[in-house]
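You will see two complexes here that share chain A, one where it goes with chain B and one where it goes with chain C.
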Partner chain A sequence: MTLTASRPVSPPADDAHSSGGREFGPIRWLPRVLVIALLAFWVLVVIPRSETYAPFAADAVIFAIVGLSLNIIVGYTGQLSLGHQGFFGAGAFAAAYAITVQSLPFWSTFVVAAGVGALFAALLGVAALRITGLYLALITLVFGVTLQRSLFEVPEFTNGGAGQPAERPEWLFADGRFYLFCLAFLIGVVYIDYRLTQTKSGRALLALKENERVAEAFGVNVTSFKLLAFVLSGAIAGIAGALYAYRIGNVTGDDFNFTLALTFVLMVVVGGLGNRLGVILGATLFAVLDGYLLEEVGFLHSFTEQIFRTPNLAQYDAQFLGALGLLLTIVLNPGGIAQQIQPFTRWLSGKPFSLHGDSESGPAAVEGSHVRA
Partner chain B sequence: MSAPDTQPVGGAVLEVRDLSIRFGGLQALQHVNLEVNEFEIVGLIGPNGAGKTTAFNCITGFYTPNTGSVSYRGRDVTKAPPHVKAAMGFGRTFQNVGMVKSATALENLKTAQHAKAGYDVMSGLLGLPRSWRAERALTAKAEAILDLLGLASIRDKRVGGQSYGTLKLLELGCALATDPDILLLDEPTSGMGPDESDELGERLLVLRKEFGLTMLVIEHHVPLVLRVCDHVYVLNFGRLLAEGKPSVIQTHPEVVAAYLGGEAPDALEATQETEEDAALDAQLEAQVHAAGAPEPDALAAQPEREPVAGAPRTRRKPTAAAGESATRTRRTMRKDTP
Partner chain C sequence: MTPLALAPDTTYLAFEFSSRITTPVISGAINGAVYGLLGLGLVLLYKSNRIFNFAQGEFASVAAFTTYAGTAGFGLPKMPYVFAAILGVSAAVVVALLTERLVVQPLFNQPKVTLVVATAGTALLLIALEGFVFGAEGVGLDPVIAGDALTSGGLRVTNQGVFVVVVLAVLAALTALFFSRTKTGTAILAVSMEPTATSLVGIPVKRISALTWGLAGLLGGVAGILFAGNGGLLGPGALTAFALIPAFTAAVFGGITSLPGAFLGGVLIGIIQTLGARNIPESVVPDANQVVIFFVLLLTLLIRPAGLLGKET
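Right, the complex of A and B next:
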């Protein structure tokens, strides 16, 4: 009660309105443009030149693509996929097989990977048409694990178990270059994702996520749009898989275990379901957490050592942190990272800085982000 | 459109023949026949649980009837799924507001135009110029509908937070946005006051004139039915009880019995009587006593409460005023389940 009384008289929403009518002067846009320019400089120039950052950054970008792909199913359609590493792995193996065994041209391997990812997603999608909630989660889980244990172990694909090599063309050998190459794909996927949300397909998905009968009354073919979401998601995950194959250079079945599928779901939820930027940031966090971040902050290793008295637990730090992140997100912060950075993104988009989001745009992402149970 | 207000023209837009549907042990609809002609506004009335919404769901393809057929402009569409029917020209609203709650009013109106969006999924995803142009057209149409319904102020507000009356109106807008040929409205006035309901009645007449619409309306608000409907069908326990001009239906003895006698006991028991109800009852009683004596068997079917007040209602020949007050009583009795 005292809190509300001590708040300033003019609510932040009013400020937003009054400044909305103000002239679009340099004082308003200059700091924002500077911040964006600085970020772009860092992402496009500093990182590619760094020997240490670039490989992790490539991982982060690939994870971000997977995150956006998974977000189409979980965030937009309200279904759950615990088998996304299946599409991802299928894309990776398809690309590696196509370039090494079939000797197809480099670019066409991405088409193959997307096609294979889409095909598997369509198969799973057909099952998903009638099933929702827990059983769908179970089916996708089984799908992913089965794929890893069967198809990803076939000697023809895995080079007799040693792993299928996937060599980059010469002009992509440098890690910095490869990172930028992946970034170009991410930008393409972001564009497709943006168009998805801006056009009738995205509206149809939102409608069928909330209420299938209303969607049908509006003329939405619920079956085909659910399938579309799966196929699109699978194709994008397949492309990400191809990039991943070229990133690690040698694809083995063990790379696509269930932990990876969990990481994918975690990063999307912690990033912020249904929010593009949130998902990208969440994916980046989880991609660099394991390999880079924990190397840098060594105290975490000693931290778990102190608690559990066994030094070899250090390799699980990332999973501990992931679980902690999930817990915090679900309990305190359902909008994920996207919700946390909202004051900043709002400021970047030209509105005055305020820690309270305006009621209209604020909790929308949160409210729309439930997974259908 | 040749003066649709005065004379219904053309053949049947919607023809329902011998429609039956059963859910487990419940025969929800039994041999129902309906016909809606071009530019007609047809009312579908009946007590709660009579099967009105079930009939809607069969007509719009949400349920597949066990027997019978639904034809639209001479074509058999019994088995067509809802989205196909929506594209064909069936616009419908739902009893408890069917909209995308987390989206804004504008987005809802654009979603409703899905079937006639004018571009395919692929060109939308790739952002071809065609899709941009089509999107602008969708926005323009959505804004026109908002203006038409006087809802321009909630254009960018999320639908979830709006009042029930506003939602019902916006839902009507969404049904219009699907570019319907025949509009099926499920209780368009629920959650509205009497004034708003009358306003909506006028609006329906205007819409029919402007868009050349044909309508099938489930409605409880009797003055509205009398005002706008050209023809009324009455359902009771899944059967067609009566049909005809609203003025005929109003005085049809079986209809009056179904509305006030047959179904009343539960509703009456479940409702606490207010002072206003008591006053209305007294008024009714006075009118009924003037009309004639009660029938004994109808008396037996009535609840324990005041047999004298309940029984006569079943056979009274109501005047306009009595009809009004009876409706008001009914409205207080109805359990609204949004």
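Right, the complex of A and C next:
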């Protein structure tokens, strides 16, 4: 009960305030419904039909699932995990191994991937629960790199180094349909995440972030809730890994390097820690930055090549923009994308449009938790 | 009859022992010296700012790349190695100072975790810039001193290797003396413990912070030039990928608050890593040296978080 005090905005009171003053007529809801319908049409109909966009859109959705999973650890419990590519990769290898080597049915590979992701997260969680803060960041970093360089190089899993194939079933061959398939998973994860923040466990996690000792004094079992956050996050990352395996079709250890772990952290921070929509938009931004913008458009690539006259890989463009975005976000705009789009989301939810927001605006008012980065 | 059969056996055993134990210990200690050098900078910034600097590996890379650019010319007249190395270390110091001014200072009152994410972002940014200028393939930097000090059997000790160990020992001793014997060193420690009170007694907190980061850049720069000169190609991010994790492990293992600990930890981690890599077959555990490092770090944090020589966590 007292734990709810950690949430700065109390939604019921807010609703009462806005609907009490003005009439809720068609003039107010029609433009909003139109905008939402247009966005939904674009996401559900236009993108799946496009041969060019659909694969990158699938990447964006998979990254968004990873972002939400990482957000449980970083955004809710306030711990930093730099090894998330380990859980993601473990899920990818587990799914590819299950479907190709063990010939398990397609759907069950997701259960296997989630289980393996959760298992690794639990192993790390049990070992690392006594370690907090910066030391936890360090040990997760080394954990992820160790998984990538060692376990993901075991010949049995990597098909002797050539990569483990992961073929989609026939009804998912089309990229557009696969994108919608991933989107369904994202919606499921958003729902789980939403339920988590609404339950006692979710409030306990937020309390941990605010102050571990106070939370403990109120009877929150710090150890088991941290472990719960780790395991849930690992399971979701494992599912995302399975989707990624089916997306790229052939899994190799190099796909899950340290830069990927950093990209995951960057997209969550740039999106807005603790904010669901912000994290999804941040993940989309980075997935598109990595894939579509640089591979297909290539304008930036030729631009940097002209300036520096060095043959370089497009990866550095994405890395440069991503890192710059992160530093600008942290230094100048700690609320991330979530804070930037707040006037628009507020308008969509039925309140008048205002760039200034209300008295509770700013990072602290972002739904879900305090934004601390 | 019996002696004849025994003789080949013992030479075989002797060979086994030297290739499995003696050689890895010596070459590991030399590899580890670079980890120790990089670790010195990490310990310095931990002592003064209570953070882990994930950009330390890239401060080192910047110095190595600049030194390479100086010796290779790049259109300008080629520089002697010494000048190029001085230029390289200066570049690392400048980058460290810029990081302090543009990233660390604005985040002074933020949680430490935020600052750590920011240093990781700085590392990524520097890797991308190195990629833009020098390409992805990597460059080869000459050793500071060419030639071998010792070659026997499978063992080869380069002059560079001996030089690295000496430089590490000298720098570790100098920085330790700096903290214990000079007023500036004490002021750095005071800032780390109580920034507000320190500024109240008239110590310029901002200037001290810049000084610390400059020093860290200097230590990183020296480490980078010596690492790149060990042979092999230096690509963008090479030091972050291959030296930063062992350096962190070395710093934590030796004691994250102890400068001599970084020296000891570096050498020991180098030895443990090389012993692991030589004695655990690739078919059993791929890339065993990375796995060994993970367990050393995990066990250190669980059993003795203060490290070998550290006094507090």
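The definition used in the following text is that the second predicted complex is superposed on the first by the 329 of 373 C-alpha atoms of A that agree within 3 Å, B and C clash if a C-alpha of one lies under 4 Å from a C-alpha of the other, contacts with A are read in each partner's own complex, and residues count from 1 in each chain.
Keep in mind that, in the parts below, a residue touches a chain if its C-beta (ideal position, glycine included) is under 8 Å from a C-beta of that chain, and two chains touch if they have at least 3 such contacts.
All values derive from a computational prediction rather than experimental measurement.
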Fit or clash - chain C, chain B, common chain A: fit
Touching partner for A:A207 - first (chain B), second (chain C), both, neither: first
Touching partner for A:I330 - first (chain B), second (chain C), both, neither: second
Chain B versus chain C as contact partner of A:A127, first or second or both or neither: second
Which superposed partner A:L262 touches (first chain B, second chain C, both, neither): second
First (chain B), second (chain C), both or neither touched by A:V145: second
Chain B versus chain C as contact partner of A:R195, first or second or both or neither: first
Partner touching more residues of chain A, whether chain B or chain C: C
Partner chain(s) touched by A:G219 [first = chain B, second = chain C, both, neither]: first
Minimum C-alpha separation between chain B and chain C after superposing on chain A, in Å: 15
Chain A partner contacts - residues on chain C that touch it in the complex: 51-52, 102-103, 106-107, 110-114, 116-118, 120-122, 124-125, 127-129, 131-136, 236-237, 240-241, 245, 248-249, 252, 283, 285-288, 290-291, 293-294, 297-298, 301-302, 305
Footprint of chain B on chain A - complex, ascending: 191-192, 195-196, 198-201, 203-204, 206-207, 210-211, 213-222, 228, 232, 360, 364, 367-368
Chain C partner contacts - residues on chain A that touch it in the complex: 78, 80, 82, 127-128, 130-131, 133-135, 137-139, 141-143, 145-146, 149-151, 153-155, 258-259, 262, 265-266, 269, 304, 307-308, 310-313, 315-317, 319-320, 322-324, 326-327, 330-331, 334, 372-373
Of all residues in chain B, those that touch chain A in their complex: 60-62, 81-83, 86-87, 92, 94, 98-103, 107, 110-117, 119, 121, 124-127, 131, 135, 138, 156-158, 160, 174-175, 178
